[in-house]
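A, B, C and D label the chains in the order they appear, each numbered from 1.
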Amino acid sequence: MSLGPEASVTDEKTAPTADAADRPGEQAIAGRSLKQIAWRRLKKDKVAIAGACVVIFLIVVAILAPLLIKLLGHPIDEYHNDALDTELGTGLPKGALGGMSWEYLLGVEPQTGRDIFSRIIYGAQTTLTVAFLSAFLSTLFGTIFGLAAGFLGGWVDSVISRIMDFLLAFPQLLFAIALLSVLPDEFFGLGPRWSRVGVLIGVIGFFGWPYIGRIVRGQTLSLREREFVEASRSLGARSGRILFRELLPNLAAPILVYTTLIIPTNILTEAALSFLGVGIPPPNPSWGGMLSDAVQFYRIDPMYMIIPGSVIFITVLAFNLFGDGLRDALDPKAR
Amino acid sequence: MSIGATNARPFLEIKDLAVRFETDDGIVQAVSGSTFSLEAGQTLGIVGESGSGKSVTSLAILGLHRTRSNAKVSGEIWLEDQELVTATDEDVRKLRGGKMAMIFQDPLSAMHPYFTVGSQIVEAYRVHHPGVNKKVARERAIDMLARVGIPQPERRFNDYGHQFSGGMRQRAMIAMALVNDPKLLIADEPTTALDVTVQAQILDLIRDLQEEFHSAVIMITHDLGVVAELADDVLVMYGGKVIEKGAALEVFQNPQHPYTWGLLGSMPRLDREVRERLNPVKGSPPSLINLPDGCAFHPRCPYAGRNGNRSFTEVPELRGDAHKVACHLPSEDRNKIFQEEVLPNL
Amino acid sequence: MARKTRVLAASGVALALGLTTAACGGGSDDDDNGGTASNGKSEFGAAITSVVNPSTTKGGTLNLWSSQDADSWDPARGYYAFVWNLNRLYTRKLVDYAAAPGKDGLKVVPDLAEAEPTISADKLTYTFKLRSGLKWDDGAPITSKDVKYGVERVWATDVISGGPYYLPNVLDQGQNYKGPYKDTAPDKLGLKSVTTPDDSTIIFKLAKPYSDFLYLLAMPGSGPVPQKRDTGAQYGQKPAASGPYMFKSIAPGKSVSWVRNPNWDPASDPIRKALPEAINLTITTNADDLDNRLLAGTADLDVGQTGVQAAARTKLLTDNNLKANADAPNTGFLRFADMTPVAPLNNIECRKAVIYAADPTSIQTARGGPYAGGDIGTSILPPNIAGSDTNYDPYNRKQGKPQLDKAKEALTKCGQPNGFNVKIAARNNRAAEVKTAEALQASLKAAGITASIDQYDGAQDSAIGGSPEIVKQRGYGIIITGWGADYPSGAGYMQPLADSRFITKNGNFNRSEIKDPAIDKLFDDAAGETDPAKAAEIYKQINQKVMDGAYVLPFVVDKALNYRNPRLTNAYVHESFGMLDFQALGVSDGK
Amino acid sequence: MLSYIVRRVFNAIITLLVVTAVTFGIFFAIPKAIGTDPALLYIGKQSDPAAIEGIRQKMGFDDPIYVQYGNFLKGIVAGREYSNGPDVTDCPAPCLGYSFSTDQEVTPLLLEDIPVTLSLALGAAVLWLIIGISFGVVSALRRGSFVDRAAMTTALAGVSLPVYFTGLLSSAIFVYALGWLPESNYKPFTEDPGQWFTSLILPWITLAFLFAATYARLTRANMLETLGEDYVRTARAKGLTERVVIGKHALRSGLTPIVTIFGLDLGALLGGAVLTENVFNLRGLGYQALNAIRQNDLPVILGVTLIAAFFIVFANLIVDLVYGWIDPRVRLA
């Protein structure tokens, strides 16, 4: 997660928010299942629900991208010189607000005349795919290694913990850039776009796992000492059973919360890497790449910067709102 | 204690105390309609399960709910001649730690980890004795540490909480609470976190100190044994309400409320062979957001409806004089049940 | 065999963020950028054909700015065009380009030499006599031995790498000379083909006639270096000055300041004006800040001369008062794509299909538009090289539209009626090249040609795009590139691009791998041709042959829209650099 | 305590070695993998075989990697000499080698960048600490109030805004549209304090905004947790004024985690604020690093990575020590 564009290296989300003042309330509603409680709270959290709606909307848009573009836009790599000012030779979009019109809903790119609307929608595909899958990857690795470290203890724990410490003490963004700039552009016949998506998922997912790993390890350690695990162990339960029947279900809530919360971070990271020129290769659009193109023009065609920037902002905010809501609803400390 | 009497108020008098918390999930009625009083030099035991409102009651007396914006307190709390619910924050603050002090359940978490034990006691002393210089305060703190039985108090003065053993830590907490000779001492489960042997020492200490300072003590606990040992009067709370109160001896010998019976049944006793299992009160504590109508205990009460009255909507009052109880069941029925069904199993 | 384009400043940094636009340009058409102001008054493009604000007023400080530092101040190591231009301030050579606008500037005239060299009848021996009284900035005399020593340093690429490497090709002649640092001769002047019979005479002996030889001697690396003051790799930190200005201080990445060289005698120098009292160069990281300073008049000139950024460009093009102090000269660069022998582009018809399918306008716009990107390119010879013909448009590109019917036709002839797949290679550190590749990709799509873009490490261009083996291995069919001449002759410009003998394992620039004996022979003919007009005719033929073979797809003839402070005097574009002649500049207000 | 420090320092050194070894390995392996020669990178514009051979010898590219790595380490500790016969270049300790692309010594190159990054990071840190912590504390104390909600909404927006967007947006507004600030053009403080300040205002604010948002959320969460702690209740029960309760008892432990995080954040930033520096054209370590990566300039990449790792590891060390000083439980454990 710290890959995150110049974000705090810490995971502020680990900070518990349970307030002792609420404890009477907690006791009061004890007895209902955690799921029910969480769902009830989540439903009441209008902001989180709004976030979730935006997220769902974006996912639908990304899935329907080809259709939407047919209906409302133009192919992403179609040049439209007619939408640009060629008279004075500035190459800027004709008309106000970066050339916004019914023809081009979000205007056109300077110097190429490509439809920004279409490119934003296609960018959503890329961004969301990368963000979700890399979050999944981090979660998978984080859970496996965190569980292993916390459950097995001993040298396994020390090795995994050292690796996690090491990865966290690494100039990660620099390293990701360096790695991305030398990894192959194409493999498995996926084509440049999806190959790159794969590489991005790998790199972002890889640098993200220690964060989940640390949390899972900590939770496992504390759960391991809890009565119910002790009890089942004393009853002769095998490790596998303890792991999957006792530990994992209890880890599910925090894992879900942190997975949700690294998605927005991954979006920012993907955008940052694209912004720095090691993301999705052109002409495939990505939000960060569009912002990076906009650097040249933001003084004279600010819309070209504002649109992808705002889209990144709204998407990340929506995920954060939803994630925060989910965490508040599920916060294990509030149980 | 009779209302309208011209003689002086009791040392502490609580009238219709109610504490509510507004939470996201609804209003939590932590304490409702709690009324009791306490004389100087006396000890009141408040017993109940967790969530029964006993701790909230004590916090309300000290005014510690005031910093919580979601807490609402109503009713009256009279400490001698001063009403505390309507008093200003500043007035209450001045009483806190001075005239009334509190000992908490877990001395480790109740002590600031970054400050030495000594400095925390000094701080408590100086806030109520603003003119006193550090040296005097220090001597006072060391003196207190010695009085609560901490060996080598000069040396321990500079230690941190985590360097103390559990019992010593609680002694230090008591020293901190008593440093200003409080008239009212509230001990909230002071021995729960301690070993059994240490428990006894701490209880002895509290009793000794009470005698020495002639304080009134409120002993909050879920352990009836503690109450039996220390308390003059007993208050049984359930679901935020006082359901039985009376002299300790009276309540123990002749408990009136089925819930109290349950509590007594769940008490391990040394004078009796260990049974296969204790008799806990079956079921879980009620939701304070949606309290059952009428007697909050009725869903768990094994005797509810014995008299054919299955309506619990009417709130039973605390009836009777000295020994009071809030129960739907007529006292004859209860006595019968107690004698025939409960006592043999205790 | 070290041929390499001069690196233009902005394209050299190419901060990936695209913070600098590589190669911008403006102007309408060819040479006549409206610059008709022969009265010396400033108007748009005036400095291209005439001297703006002619003056002989001395004094003041010239405030030069740059968004990029020099590659090296060592004359033998610098390769950026602006560095060569700035070298004229402190490095004199035997011969140098004349100080004049227009085609006159392409002439090489005596500098340290007192006259044109005596050339033997067999065109193999060049004898120069030095002027008398020439002095270094420390007062020591400049001798022919200093010149020879300077020339020898070009060989020493193991110590002072980075500069052009033409002279060894002509003068080593099998000696396998290792440069002065490994020279076993006691005076370190062991190069046999150059002799210095006395302190004012230097004789070059060539193995075969080479008509462009004087151009090589006009490069900064051929200037004199005093052996005593040579510190090898560190020489660039304090180079000796033979010209009118000497270094006062060099703060790498920050600033440079020059002051007058007291030992320079104006009488001995027919080229340099030396008007300002001092010259400062400030290096900034913020190109937009530089533009703002230019427009505000607090900076005099961007020495990169690669064009202002998009924001300032818009201002310049929309404000006629500002525009009057701007020029959009040809930079001497051509932006084009090489088509390699990777199938199916080994078939001429397939190559033609690409040329016809490419949309000249969208590529031009992607490069900055008709004004900022440059004129649509039609052949490989840019207008500043003798032999070029701006009306020569074999593929009818000037009309600005892709010719899909012709492309289809060519595809059919090529046996690929449904189009084919091709890989476009572009340097990842050149934003404009990537943009060009995208535009090309989009227009090829319309003709059914499916192109994918491969961005390769631009820092390793010579080892990737410049390696035929790697190109083949990676299957690059089209390589986006750019090219500017190191010296303004047809051979200097075209030979590395089109002569089969210039194909090298690394650092290759004949990336189309043109192997046409007829073209090779024409180059040989031109080398022996001393009549410039006849040579120009040969180069014209070569140009046509290359275009007939459809080896390259020219994009634009690069232009740069530059702004100059109105207070600058003697401002004119020097055609050999494609930028203002820095040594001629003065300031009108004396500040 | 002493053995604790020694152990920590030892760990730090090991981490640094691993970081450099990994970086070195990767960047050595990469040119091999894609079939290029680092000597070619040095030569840049030439491909003269003699020149390439000269560079190869001088830089020792023919040596096995562990020898090269050994030489690299030796250079840092004792300095080294590059030589291929007549051409000897002395690189004094701490020698990080020569840049492939500019042929400059890496150490002074990076030393020049450090003040830029330092100015950026420290200035921003002051801002974000003040803003983040004060809003976090106020929000925690007035939980649910308008101030709390406004601050937390802003903070959530803050953590959702990429710094490269806020950077561009702020300069579009304040530099270009309103003209309140000049184009940023960094000057060292020692040369021109005024310009130093004006060129850093926007980067500071941009960077601080992001971090302040994080810190406000974090501070609030920590403060809420601390305010719920038993010892804060004890402090109140002692009759301490709210000022003392909050200012002494709650803040002290509520801010302890912030110290940790601040140390790590600052450490990471000192290694180069890649995005901010690039958006604002600040030629610091992050700017240098990105450029070097683009040009495959191994010595510079290695140098920056080493410095960045050093700052991170050093910050970790400091945090550990400070933690021990603040929290007696750590110190006396």
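By definition in this document, a residue touches a chain if its C-beta (ideal position, glycine included) is under 8 Å from a C-beta of that chain, and two chains touch if they have at least 3 such contacts.
Here the structure is a predicted model, which is why all the values come from computation and not from measurement.
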item: Top-ranked pair of chains - ranking by C-beta pairs in contact; value: A-D
item: Chain closest to the assembly centre - both centres taken as Cα means; value: D
item: For chain B paired with chain C, centre-to-centre distance based on mean C-alpha positions, whole Å; value: 91
item: Distance from the mean Cα position of chain C to that of chain A, given in whole angstrom; value: 47
item: Separation of chain C from chain D, taking each centre as the mean of its C-alpha atoms, in whole Å; value: 40
item: Chain D residues counted as touching two or more neighbouring chains; value: 34, 143, 176, 227, 229, 278-279, 290, 294
item: Junction residues of chain C - those touching two or more other chains; value: 16-17, 19, 288, 311, 428, 457
item: Per-residue multi-chain contacts in chain A, two or more chains; value: 21, 181-182, 275-277, 292, 295, 299
item: Chain pairs that touch, as defined at the top of this document; value: A-B, A-C, A-D, B-D, C-D
item: In the complex, chain A residues that touch chain C; value: 77-79, 81, 84, 86, 88-92, 110-113, 181-182, 185-186, 191-192, 275-277, 281-283, 292-293, 295-297, 299-300
item: Touching residues on chain D, where the partner in the complex is chain A; value: 15, 18-19, 23, 26-27, 30, 33-34, 143, 156-157, 159-165, 168-169, 172, 176, 207, 210-211, 214-215, 217-218, 221-222, 224-225, 227-229, 257, 260-261, 264-265, 268-269, 271-276, 278-279, 286, 289-290, 293-294, 301, 304-305, 308-309, 312-313, 316
item: Residue ranges of chain C touching chain D (in the complex, touch as defined); value: 1-2, 4, 7, 15-17, 19, 71-72, 79, 157-159, 161-163, 165, 168, 178, 181-182, 232-233, 252-253, 284-286, 288-289, 292, 311, 428-429, 457-460, 462-464, 466, 470, 504-507
item: Chain B contact footprint on chain A (complex, rising order); value: 21-22, 24-25, 27-31, 40-41, 44
item: In the complex with chain C, residue positions of chain D that touch it; value: 34-37, 40-48, 50-51, 53-55, 58, 84-87, 89, 100-104, 112, 176, 182-186, 278-279, 281-283, 287, 290-291, 294-297
